[in-house]
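Order as written gives the chain letters A, B, C and D; numbering starts at 1 within each chain.
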């Protein structure tokens, strides 16, 4: 994940490792991330729900209002098998 | 080709070719911006530093041409002649050499899984991503002075135009004429610096069409598959020579990979 | 409420995340998906910008960048009309986030992409066609 | 194929053509490298690295053999074309589907499974398929422009069977001669180009 100050805001780019398999690919048992949460210094600012139509190894970019060097950005995700993962970084 | 056909869809494309091309460029740019290529670099770094094999040492003892463990600019100076092996090597060939010599791994074990898949990339793919990234901003300058380097270049050039196989193809069958495409994909004339430069400056690369990180050895291997030829042996002189010819044709270009491809 | 449950240890933090609109994501038509999101009536808006290539060389990865300049935009939904399950994603933007997202989506075929932005309880819409073609063997 | 003839031209060719820069290995030396550095896999067996005379001459002349050599090669290739008895026009509907497929003759293809024609990789054919390649000429309106009489049918069938009979160093594979396509498939492709009902001719 990268979080950088740009034009007074914070640009966040996050990579997730996940196969994001559709029902077609798996013949009925899709396997994909369903929920994404972006937090700044512990406070949730974006809640996302996504489907199997998001590409494998998802990459998302978000934009946060303002921000300062050192702010702690955390992105966590949860897939439809209940597995979770998260990544953290400080704004550069 | 087949994969693209099975996963590609169709197409009420009334767009003029010029528009189509500018939109493909936009597609390339936007997919590159959203590429997970960094993930591969990060795992590659871990593997580079991980002690492995009977000798339980990491590849940090591996000399890629700039001295043991020196990565900055190493990829941009490959392929080149290595005295210890008395042959020309490209990145993957050299990594394999280090796995067997430095780490003491058996050739069978080290070559067991050279090409990965979307679910499980190979060690070689991760390592290539990491090592190549350490040459960003450096000019491509493959070896060109040792007689074996010259010989490798000449062999690669001859291979490029060599017609064989069930369908009589040479590399030039597809990459020999300006402004041609296969389906909607533009074909670079790789014997010209103009076309070879941007291509060689961005391999190895992440392929969005199958979500896989691909090495140059794979690229050459898969071209020969589609040329209806038998399979080139990984790291063989023929494959290194092809890489040497293409990289030499692209020499002077600033390396900006690992790239992201369609 | 949920926070209280988490603090009280009744739910693991993971479960607190797990709101996922099954009905909307299982819908097989764009209309049904938007109904399930409570966005059956929408009004076209130029305040929604969808940036994407007009032609994608590969349907497995289609980059789409979306932003809304409609004041107080709190949510964005992305609907790929011709996909078997059209709703691809939706995002709630709370205080501290701008209504902006860039993502890579799969598209089975050439299709309109419909983006619905929610602001002040109303729903606004913009669409853009993305053509999906077949590429060659190389790269 | 008349190998003697080809070898003779090949040998004469090497001496006569302005050829390789110092150090570049010749076709025979490259073949030795391929024998050493390639290995058989699936249906892609090692006999494929051995060039026939045509491949060798095309390699050594960078696909531009002198006119008289080209003529002799073409005449030689013409003898390989085997026309089936009866009509040469098959079913264009089957052909349209096969024209889309790039499968066949690769080590990754199951032996025995029918190959596609890879046609759209290089040619524009039916107007509704807009993802087409441009290595070969557009075939849109082919039959409409040229008619579909017996001579034209023989030409199209022959061209697909062995493109080198008409242009010695053509980049088009010898789809019948190499055993990639069956007679039935080639007849279907002939109909795709020539049948008045085919989308190609609308």
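Going forward, a contact is a pair of C-beta atoms (placed from the backbone, for glycine too) under 8 Å apart; a residue touches a chain by one contact, two chains touch by 3 or more.
Everything numeric here is computed off the predicted structure, so don't read it as measured data.
Comparing the chain pairs C-D and B-D, the larger number of C-beta pairs in contact belongs to B-D. Centres computed as Cα averages put chain C at a distance of 48 Å from chain D. Mean C-alpha positions place chain B and chain D at a centre distance of 29 Å.
Chain D has its Cα centroid 50 Å from the Cα centroid of chain A.
Distance between chain A and chain C, defined via averaged C-alpha coordinates, is recorded as 14 Å. Under the contact definition stated at the top, the residues of chain B that touch 2 or more other chains are 1, 5, 8, 10-13, 33-34, 174, 181-184, 187, 208, 211, 226. Residue positions 60-61, 65, 102-104, 107, 133-137 of chain C each touch two or more of the other chains.
Residue positions of chain A with contacts to 2 or more other chains are 55-56, 59, 61. Interface note: chains touch in the pairs A-B, A-C, B-C, B-D, C-D.
Across the complex, chain C meets chain D through its residues 133-137. By the touch criterion given at the top, residues 1, 4-5, 7-13, 15, 19-20, 23-24, 26-28, 30-31, 33-34, 174, 181-185, 187, 205, 207-211, 214, 219, 222-223, 226, 261-262 of chain B touch chain C in their complex. Residues 20-21, 23-27, 29-31, 33-34, 36-41, 44-46, 48-51, 54-55, 58-59, 62-63, 100-103, 105-108, 118, 120-122, 129-135, 164, 169, 171, 173-174, 178-180 of chain D are the ones touching chain B in the complex.
Interface of chain B with chain D (complex): residues 1-2, 5, 8, 10-14, 150-151, 154-155, 157-159, 161-170, 172-174, 176-177, 179-184, 187, 224-226, 228-233, 236-239. By the touch criterion given at the top, residues 15, 17, 19, 55-57, 59, 61 of chain A touch chain B in their complex.
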